[in-house]
Every structure is written in structure tokens, then in C-alpha cells.
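As C-alpha cells, here come the structures.
After this come two complexes, each holding chain A, first together with chain B and then together with chain C.
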Partner chain A sequence: MNLRLGCSGIKEGTAAASISLSTAGVFAHEAKKLYAGGNMAYYTLPASILISLLIFVLLAKLIKRSGAGNLSELICQSADRPTGIVITLLLFFTLIFSAYSPLSQFLKALHGLFFQGASYSRILLYIMAPVLLICFLGFETIARTAKLFAVPLMIVFLSVIVSASSDFEVYRLFPTAGGGLKSILTQIFREVFTFLPAMISLLTVSDGLNGIDSAIRIGAASCLISAAVCAAAQLAVGLVFTYRQLNELFMPLFRINHLNKFEAHLMRMDKLANIVWLNGAVLSASFYLYSASRLFAGAFGLRDIRPAIAASVMLAALMLLFETETVDNTQFVRMSELVFRYGTVTAFPVLAAGILSAVRSERRKKCGNS
Partner chain B sequence: MRKLVKICACALVPFMLLQLCACLNPVSIDSCGYVVAIGADMGKEKRYDVVLELQRESSGDNSDSNGGSIILECEADNLFEAINELDSRISFSLNFTRTNVFLFGEQLAKEGLIPDFLKASFDVLRIRQSALMMMTRCSVLDYISGIAANNGANVSKIQDDIISDVHSTGEIAATNVALFFEAADGGWFDAAMPVGYFDESIITDAKQRDNTTKGETPIKDAKQDAKIGGMQGITIGCAVFDGTKLAAILDGHETQFVNMGRCDFAEGTIDYPISGEGTAAIYLKLKDSRIKVEVGDKPRIAAELCFNVTIEYDPSGAIGNDWNNGAKELLSGYLSTKLKEVFEKCRDNGSDTMGFGRSAAKQFFTTAEFEPFDWKSVYRNAEADFSVELILDDEYVAELRQ
Partner chain C sequence: MRIIESLKFDMPDERFELLERESGSIPHASANGEEFRNERVHGAESIGASIDETEQRLRVAFHTAINTDVIFRKFRSGSGCRVLLVYMNGMADDSIVSRFVIAPLMQSNERFAADIGGLLSKVIEIAETEVETDLRKVKASVMDGMTAVFIEGCCASVLVESRGFEKRSVSEAQNERIVQGPKESFTEALRTNITLLRRIVKTEDMIVEYGKVGRENKTRTALVYRAGFTDETLISEIKSRLARIKTDIAIGIGIIDQLIEDDSIFPIPRTLSTERPDRAASHLMNGSAVLLAEGSPFALVMPITLASLMNSPEDVYMRRPVGTLLRAVRYVGAAISVILPGYFIALAMYHQGLISTEVLSTIIKSREMVFEPLPFEMLLLLFVFQLIREAGMRVPGSIGQAIGVIGGLILGQAAVAANLASTVILIVVALSGLGNLCIPDYSTQVGTSYLRIAFVIAAWLGGLLGLATALMLFIAYMANVKSFGVPFLSPFAPKTFSRRPPFIRGRIGLRSKPADYNNTAEESALE
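Let's look at the complex of A and B:
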């Protein structure tokens, strides 16, 4: 078997999951949807993360109950082979789209803000090459690289927020309740699907994290870290831009220092910050793509994960190229949005499968005892 | 095979690095003209008269060249048309990454054409929206010539100069492109931008022969009323806006009170008239501020400001000595009255440049309440009460002339 899983500790796993969750919460949103009814993101996103943590813990407990090592095994145990393959493929494409989404945002930002003369495909070369390399080296490499980058990412993130703090105005957060309780709850539940792919990825590699108990601890820690990061980022963005401005801004955190009235040296570090954040997106995409490949390899019984990784990375790269280089990509963008937003609804069939598997396992144990 | 892959990978790394550090496609600093200021006036034949001020880099080889600026001007219907025309006149390409000031003529500001002129892609030009905005009472070309005439002046410092004046004197109110559009689109406050003037009676530089004097020694030959030294382009006071249109122009003294009302007044010296004794110089430093707004058809604004006071010059000698015997109340009353006067001047011109709408906005919690409310329509009926608390710093300085 050449699944390139390796063995990662709690710190490494937490770094990988936190970076993926934070990247999804901070960069992978469409402003027009997130801020349409007012800026509530600084409290709805942490709430969504906590709900996705509950689903994650439930799934993890089911995996433990059923005696499976990871999510892929749980799916294989609980359902017959065709159903298992269907569920796996749904999750596979959801994870590919989850990898594609932040990369797509970064690609557009790099093209629009920094490398206007360069074509998308050229910029993509620099992004996808490290993704492919890290994925090929396996999950342990992803997790260890994530641990290496976690501190610089956090330092840059905090320094960017601190440097913009002179422009914070509390009035910009109003109306704080947006469209009212209904819109708050809708946003909380809709955004759960932004964070579930990272949690599902964590469950897919749980056997490389020293067991399911360790994976639960990693999930809880990374959810708490990411909830804090998302709350801080969205609050900072909300204190600098009104929700009407946010509706029109592309990746507002990229511009948080563009608007400062009184410029200082820190204001000019935004390009450096963006390159550091790009590393976060690359790691996040690698994590998703590796997990997708792992699911695929599990469902189809592949003994070597590398062909699946190559296919996943190629698929993500083609999607990025298709979105940016084709003349009419509206249908594709609409479809990708739909899959990214609601693809992890597949978590529910997975949950059902898990429950079924746990019940079967209990029965088997009882039969064995009697 | 593995060895070949490794060799290819190793060869790819330096190739990619070379591309990243621009070694394969270098751009020399001389091949760009760095635009530091973009100005626009009303045009005669076309919509706008566009003026660009370029920073001229000093050359190390030539001792005569000590920096300064290049001014380009043309008429155009929009900024991009002007850029295309001006680009064809020069031997280098225009670069906007250092653009930090936009200047607009008074007429253009009055007609509310600023948003139309700025309807350009800032990302394409790579201009940051933190670029400051200014309005000139003279033509933009005159003002820019006035700034650039003193050849030693570093034109790239205009922005720094404005910001430092805002901090140290409060006689200038600053706004940038982002804030201007936030004010114009949101309607919860109005912008106030610095005002530029051109004073041709100023003799800019002893080395320079200009139009004012014809002789070899300009200072000696200058007329009696000439002002010696500095730039002919002067920046003081503020232009207050009602949305996107110019509403009124305030002098430096009034601007200090605008900044106090906006809670943007960090520190500065104000003139305090003493009956029969002339004018005292009082240094104020904003310590604390609290704004409360009761929203309704007739909004009630209550502003409480607290300043640290240092008496810099007092011709009567009484302010420090009688501080606790009525002088404090007199000064506090003067500041409150001036704040109210300036507020009413702005309000009557339809400008909430003190930004009380920002406090009003905090009373709306849902978009259903927030969206339909039009602050500017009720603001014209607003009444404001200012109360000023003063804390005397360094009492011995005030009393004993030390």
C-alpha cells in the first residue's frame, strides 16, 4: 500500500485543519452573498464552525463505534458497494470544489492586484506546482508544512489587523442584526457547509492522526482557533468597511490596508501578506485534494494513491483554467458555487450510513457475546 | 529515470525563481514616470482639464539635477483618455503606483463631478484608495506649479505634509478616496478635504528666476509686499461637501473646530481673542470625546469634548492666573460657541462634515430600520449642544512665564 498517510501529531493535524477552516472562513466567500443583508459574518461564521464541530464529533463517534479507522472505511462498512461509491464520489467532488474555491479567489486576486500583465495560466503554474508536490509527498508532509507556516500566517494576519486598527469605526458594524433573526439563522446554517469539507477531510485522514480520539481533539482545537480567526478577520473587515461597501469588494481582507487615511510603513506590507496567505490557500487545497484522493482510493481499492492525487490536482487545475480562461463561464461558476455551498449535504447520507454501521457493529458484538 | 526527473526539477527551480524576481524581463526605474498627483479642472473643449505631476528622480551624475517635478496637462473626457494622450508625449511610460493625491478645481467640485472623474479602475492603475483628495480655489495647474516651483521641494511628500499638518495644527481636514466614497454612498457623514491656494506674491527660491522678478537676485529685486520663501501653492482650511457636491469653504481656524467636532483634532494651537488685549495662543490636545444623538425629525446632538490646555501666549497674562476664577469657563464658553457656529454653518449648507450621522447609525439594528432612514434629510433640522471640559496642563508655565 502506498497511501502516503504517515503519522502526524496533534499540533501538525491542528495546524492543517485550522489553516483549511480559516482559509474557508476568511477568503473563500463571495462578498455579495455573505454581506447582502448586513455584516453579521463576525458572529455567524464562528457559530457555523461550532455547528460543523458538532457534526464532526458525531461522525467521529460513529466511526469509533463501528470500529472503522477513518471515514472511507465507515462508508465502505455501512453501505453496499454501489451506494458507498456514490457517497464517496459526491464527497470527492465536494472536496475538489472546496480546494478549487479559495484557489480561484487567490488566482483572481493575484491577477487583478499584482500580476495584471500575466495570464491566469502562468500564475496558476506557480500555485498548482506546490499543491501537486505537497500532495504527492502525502498527508504527513501537508501537516508538517502547515505547522511550519501556522506561526508566520498568524503573525502576518495579526499585524495586518493591528496596522488597520487606526481606521476602525464602530458605526460601520451597524445594523448589527442584519436582516433579523431569520437571516442570522439562515446564514449560520448555510455557512456550515463552508466548514464541513475541512472536518470531513480530517475524518478521512483520522487513522494518520494516532486514532479517532486524537482526531476529535484536533478537530475541537482547530475549530476553536478558526472560530477566533474568522471572528477577528470579519470583525476587522466590518470595522473598516460598511456592509454596503463589503457587498462590492472582492476579498476585503486584501484591501484592509489600502484605505488607511494616515499611511505608515506597515500599510505597504499588504503584498507580502497576500503571498503569505497564498501559502495558506495552497496548504488548504493540498489537504482537501489529498483527502479527496484518499476517499477515492478507499472506495475503488487503489493500493497506490498517487494516480488519484494526480487526477485530483489536474481536475482542480482544469476547473481553475476553465473558470478563468473560457469566454462564457457563467454556468460553470454557478455550478461550482452550488456544489461548494451544498455539496457537503452529503454529510447527512454519510451520517446515516455511520449510524447504520454503528448499529450493525453493535449487533455483531452482541451476537458474538451471546 | 529518477535522476533525470531530479535534474529537470532542479533546473526548473532557478528558472521559476528568475521569473519571479523579474530577471528575465527587467524594467529599469528610468523607463517609468512616477505620477504623484492627478488633478482635474473643468475643460474648455473637453469635459476635464487633466494635470499630472510626475516626480523627477535626482540624478547622481549631474549635480544640477536635484529632483523636482514634471507637469503634464491636456484636455480629455476621462482620465484614461488623458493618460493615452500624455503617454504619447513623453519618452517613458506613466506609472501610478506612487499616486497619493487627487486635486480638483472648485467649479468641478461644485458641480459634483468628482465621482464621475474617479469612475476609473483603481486596481488597473494600481492607485491605492488611500490617496488623499484636495480642492483648489485657484486652477489645479497653478496650484501644482506653485508646489513644484520651489525646485528643491520633494513633491512626493505632499501627502505626508498634509497628514502631518492635520495632526499638528488641525487647520487642515483630510479625506481620502475611500472615505469620500463612503461618505457619498452611505450618507451618514460628509467629506471635508484640504483647500489649496496659489499666492503669486511669494518669492519661492533665491536661486530661481521666476515671473515675479526679472533680475538676477530675486529677493533683493522683489516688490515691497512680496513674501519671501516657501511654495506658492498653499494648503490650509477645508472644503466641506454635501454628498458629492462642494457645500462651503472654511478657513484654517474654522477647520480646527470641524476637526474637534469630528473628534479628529489631535492637537493644535488656536487663536483666542481677548477683548482689548489682542489674541492669545492656546494649545489644545483632545483627551476625550463623547457624542450622543437622539434620532427623530429634529435630531438632538450632545457633544462632550475634553481637552488638555497649555497657554502658549497670553497678552493679558490673566488666563493662567485666573484659571480657576472664571478664565476656564470663559475659554470653555468660547470653544463651545465656536463649535456651535461652525456646526450651524456646515448644517445650513447641508453638510454633516462633523459626522454626527455615524453616531445616529448606531441606533439601528436591522437593515429594515437602517435602509429606509435618510439621515441627511433630518440632519438639516438638527440642533447641537457642545460642552467643553478643560484641564490646565503645566500650571506653572501659565502663571510664571517659564
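Let's look at the complex of A and C:
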């Protein structure tokens, strides 16, 4: 078998998951949806992360109970092969969509702010080449590279927030609950989809994390870290811009210094920060795509993961090209909006499969004992 | 070929893992290291009872009709036994052979044809002897400087340690000079090098395992490690890699290094080649293994990490804050060396907004009359820097230094005056070159100096995005690489047990614990 999984420790796994969760929480958003009802993302996103953590822990316990090594095995054990394949494919496309989402934001940012003259496909080449190579090198490399990039990413993140702190105004945070409780709950539920793929990815590679108990610890630690990061980022953005401004802004964290300190010396840092954050998005996409390939390889019994990786990376690249290079992409955009809105429901079949698998395993144990 | 092999689908990943093995035993490892001897399986060549026949066979094998280096000395012992002595002129010490082998044999009244043990215990006055029945091994030992003693009627030979060839004395280290600390360096003599190590490592568990590498020239090697301390899987992996060497000629440790390394694509070495016995001993004490070879004034330390390549022995000889500062400067220098030329190209060509107006105008002004494009100019100057460095290395000491001065000052000034280069680029290249020279390991220096050219090209093609992509690929590849099973970037990633980042020098008293990534027996016991 050549699954390129390797073995990663708690710190490496936490770094990989935290970067994926934080990138999703800070960059992979539709501003119009997130700030429609007011400035409440700084508490709804951490709440969504905590719900994702609950689902993750539940699935992890089910994996442990059923005796499976990872999520792929859990799904395959749950029902007959076709059902397992259907659920796997659902997760496979979810993960590919999650890889596509932050990359799409960065692709647009790079095109709009750095290389206006270059075509999207040319910029995409620079983004997808490391994604493909890192996926090919395997999860161990993804986790170790994430560990190496975690500190620079955090330094850049904090320095950007600190440099913007002179523009913080508390009044901009209002309304904190514009749409009422219903809108808050809807947003929390909808945003679970932003974070769930990272947790699913973690469960997919749990056998490369020294077991499921270690994976649970990694999941908990990374959720806490990324909840803090997302809360800090959204709070900083909320303190600098009003929710009406945020509705119009593209990648507000990037603009946090750019708009208010146009003439200042620090404005030179924002492009660098964007490049550093791009590395986070590349790592996060690699993590999702590797996990998607792992699920695919598990469901179809592939002994070598690399063809699946090549296919997943190609699929993500095609989605990015379709969004950016086609003349009429309204259908695609509408479809991706739908996925964002109802993506959270993907958790249900996975949970059902997990419960079914655990029940089957219990029954088998009972039959064995009797 | 290796790239094509690695791209084949459905092939098992057979990379050796020391810390994290996915499953199963280490591939190709021999359990007891028998293969380290690397003998060709042709069967033994027995020694006949007649010394005349043996002499004839050896004369044919050594081509004595034209090769007069091999000395054949036939005589009768005191008891009347016919004795044949064979040794290589120049490799063996004549006085040792005369005083401690020929003289005692001639004076002895023992009849030892049937009792070879008697010859060793009562007659030959040399401590290191060996009885050998395979003529092939006898021939190899004679070539190596030993003396073979054949007795009429005895089907074995006694090999006597009589090596006494000319060798360079222990001198000062040339490539790894330090201000404080020992000055001596390894020599070309294997025995001397082992002695230099033993003088520092005074533990009874230090093992020296001899072997031969190369099918034709059979270079003598010595694998040094601490028995019961150094990871046994590491030792068997090294032995198995040495045993797998198929080449006919392996002269020197540099060739052996290439033959046992994981892959040759990566520009940064995966073993540490050091000429300093104290450095090799320090790694030995830390749980690494050291390989020495006859004729090589270098020791090969394995496994190593990037952090050990960046450390200099001087760090521990200096006081703690100074040692830490030196290390930090070295890391910054290495980063400048690799990134600065590419970063400058990216800013100057694509992201002028990131440069202040004053600096930008200085750059423009300095390049006003320069005819070639900016990236060409950078690549040209980097090439010139490599040229000066290479020329300085190849010529004798004082002339080499003069070339550095001429190249750096006169050539640089002339290039600016002739509008071949701009002052700003000259400063960038000089800074990058200085940073490169901060890297203590020579192979790493050379590897990174070529790497920065790749980064310049990446920045030329894609600005900061291209540079970031190239850096990402490089770091990811480094994170994937292993040195004899140990992750190359540990203790950074994976985070192994360490009290502090590797660029901070710790207190001497706290350094008694071996490096976690070496997976030593002490570490295993603690777990």
C-alpha cells in the first residue's frame, strides 16, 4: 500500500487542523451572508467551531466503538458497499469544495491586487503546483509543513491586528444581533459547514495520528486555537469596519490596514501578509485534498493514493478555473451558494453511518460472545 | 531513473523510517550486520599445504613478473620448517617484519606446522594477528599492508599486523576552523582517526566495526557507534546500506556518502562530513553513528538534521549568550543567503509598491546605464560570485585569498564602472554571499548557493507569488526528507523533545540527555 500517511504527532496534527480551520474561518466566507444581520461573526464562528467539535468527538467515539481505524473504514463498515460509496463520494466532493473555497478567495485577491495583467489560469498554476506536490508527499509532510508555517502565520496575523488597533472603535460592532436569535442560530448552523470538513479530514487520517484518542486531543486543541483566531480576526475586522462596509468588502482582514493607513509605512506589509496567508490556504487545501483522496482510495480499494490525489487536485483546479475563467458562471456561483447554505447537512449521513457501524459492531461482539 | 521509479503507481513506499515506521521490519536490513563485510559470493579460495604452490599462486595473482612491490621471503625457521612471508613493499613496515616476525621465527626451535596456535603464542612478537584459511582474504590483507606467514604443511596463513606506510601527521583543521576549542583534524590514516576519536570518547561502549567497501579496491571502513546506546535499527540500516554498495571503486568517504544516501536530488546533504574529531565525538556521544574510511580525512556522521548542519563546534566552547548569538546570526545569514536575491528581484520587478520611493529611485538611478535586464544581472553576479569562490578554493592559500580580494573589490568596482552591474545588485549579491559563508557545513553552503539561483528564477517568473511557491515547495520537501530514518527538520517538525529551539544554545549541565530524534537506548528506557 502506498497511502503516504506516515505518522504525525499531536503538535503537527494540531497545526494542520488549526491552519485549515482558521483559514476557513477567516477567509472562506461570503461577506454578504456573514455580515448581513450585523456584526456578529466574532461569536457565531466560535460557536460553529464548537458544534463542529461536538460532531467530531461523536464521530471519533463511534470510530473507536466500531473498531474502525479511520472515518473511511467506519463508512465502509456501516452498510453495504454502494451505500458506503455514496456517502464517501458525498464527503469527497465536500472536501474538494472546502479546498476550492479559500483558494478561490486568494486567487481573486492575487488577481485583483497583485497581478491584474495576468490571467487567472497563470496565477492558479503557482497555487496548484505546491498543492499537488505537498499532497503527493503525503499527510506526514502536510502536518510537518503546517507545524513550520504555524508560527509565521500567527506572527503575521497578530502583527496585522496590532497594527490596526489604533483604528478600533467599539461602536462599529453594533448591531451585534441584528437579525435576532433566529438569524444568529441560522448563521451558527450554516457556518458549521465551514469548519466540519477540517474535522472530517482529521478523522480520515486518524490512523496516522497515533490513534483515535490522539486525534480527539488534536481536534479539541485545534478547535480551541482556531476559535480564538477566528474570534480575534472577526472582532478586529468588526472594530475597524461597520457591518455595512463589511458587506461590500472582499477579504476584510487583508484590507484592515490597506484602507485606513494608505500612506503609512505599514501598508507595505499587507501584500506580504497576503502571501504568507496564501501559504496557509495552500496547506489547508492540501490537507482537504489529501483527505478526500484517502476517502476515495479507501472506498474503491486503491492501493496507491497518488492517482486519487492527481484527480482531486485536478477537480479543485477545474472548479477554480470554471469560476474565474468562464464568461457565464452564474449557475456555478448559485450552486456554490447552495452548498454553503445547506452543506452542514452532510454531517447527518456520516453520523448515521457511524451509528449504524457502531451498532453492527456491537451486535457482532454480542454474537461472538454468545 | 529514480524519479521514474518513484512515479510508478502501486509501488510500496520503501523509505526507511527510524522513528515512524508504518508497518513491518526495516527493509533490506541484515539482522547481525554480516553483510557489512560485502564479500562477493564466489566461495572461499583454500590455501594448500605446499608453500611453493601457494607462492606460485600468489605470484600469478600479484603479477610479480612486472610488479615488484610484493615481497616474497622464503627461509627456514630455527626448527627447520620452511616458511614463506609475503608483504607489500611500502605498505608494511620492513623493520617490524624483520624484528618481530623473521627474527623470532629464525630463532625458534618449535615445530609448528600442525600447531598454528603455537606460532602465535610462542614465536611471533606482534599483538595483532589473525589466522586465515581463505587465500582471497589473505591477498586483500597483504594489499592492505599486513604480512602473511605461510608454514610448509599448514593449510592456513597467519596474518600479522605490520602496516607502516607513510602518512600525514595530525594537523590543524582547514575547513572547520574555530577560534576557541581543539585545533586537530582527521588525517588520511584510519587507525589515527579512530585513535583521535577514542581520545575524546572514553566510554567502554564505543564500538569500531571494520568493513570493506567497493568490489575491486575494497576501501577499509570503520563504523563507530556506542553499543547499547545508539539505536540498533540505525546501525543495522547503515550496515545494510554499506553492504548493498555494488560499485567496483569507492575511494573516499565522499563517494561512500553518495552511495548510501537516501536520494541524490536534494541539494542539502543528509550526512555531516566533518574533519573535526571533537565534532564527530560529540555526535557519537549523542547517539549518532560515525563512518570513517581509509584515505579520507573526514568522518561521516549519521543521522543528522538541519539544526546539526547549522551548528558549529564553537557554539559550545563559547559562553552561552555568545553561543546563542552566533547561532542566531548564522540562521539569519542562511535565510538572507537563500531568500534575499529572489526577494529583491520580486520587489523590483513586480511589487515596486513595497519599496519606498527613496530606495526605488536609488535602484533606478544605479541601473540607469546597465544594459542587461535585472534578473540577468542578478544571475550573472551570482555566477561571478560562484566563480570567485571556486577559483579561491582551487588555488593555494594566500593566492586564494588574493583572488577573493581581487574578485570582490576590483572586479566589482570595474563591473560597476563598465556599466555591467549596478551597485545595489552588487550589495545584494555580496550580502547573500556573506550569509552563505555563515553556514558552517561546506556541502550545505554549496547546496544553498545553487538553491538561491532557483529562487531568483522563481521570483523572476512570478514575483512574490513565485518566490512563495518555490519556498513552499522547498520547505515541504525538506519536511518530507529523512536522514537515515530521522526527519531532517526535527526538532522543528516533527517537534521532538527539546528544551529550547535549536538556535538557542542550552546550558552545558542540561545537555547530558541525548537528542530525542536519535531514538537512543536511553530515550527508549525513559519512555
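By our rule, the second predicted complex is superposed on the first by the 361 of 370 C-alpha atoms of A that agree within 3 Å, B and C clash if a C-alpha of one lies under 4 Å from a C-alpha of the other, contacts with A are read in each partner's own complex, and residues count from 1 in each chain.
Simple rule for what comes next: a residue touches a chain if its C-beta (ideal position, glycine included) is under 8 Å from a C-beta of that chain, and two chains touch if they have at least 3 such contacts.
Small disclaimer: the values here were computed from a predicted structure and weren't measured.
After overlaying the two complexes on the shared chain, residue contacts for A:Tyr126 are found with chain B and with chain C alike. When the two complexes are overlaid on their common chain A, residue A:Pro197 makes contact with neither chain B nor chain C.
With both structures placed on the common chain, the touch criterion links A:Asn279 to chain C but leaves chain B unconnected. Shared-chain residue A:Gly354: touches no atom of chain B or chain C. Partner contacting the larger number of chain A residues, of chain B and chain C: C. In the superposition on chain A, contact of A:Gly9 is made with chain C only, not with chain B. After overlaying the two complexes on the shared chain, residue contacts for A:Pro252 are found with neither chain B nor chain C. Shared contact residues on chain A (touching chain B in one structure, chain C in the other): 126, 129. Residues 37-38, 112-113, 116, 126, 129, 169-171, 174-180, 242, 244-245, 255, 258-263, 267 of chain A are the ones that touch chain B when the two sit in their complex.
Touching chain A in their complex are the following residues of chain B: 16, 20, 100, 123-124, 128-130, 132, 159, 163, 167, 174-176, 178-179, 182, 185-186, 188, 358-359, 361-362, 364-370. Residues of chain A that touch chain C in their complex: 1-2, 4-9, 11-12, 110, 114-115, 123, 126-127, 129-130, 133-134, 137-138, 140-141, 143-145, 147-149, 265, 268, 271-272, 275-276, 278-279, 282, 303-304, 306-307.
Contact residues of chain C toward chain A in the complex are 9-13, 17, 19-20, 22, 350-351, 353-356, 462-466, 468-469, 472-473, 475-477, 479-480, 487, 489, 492-495.
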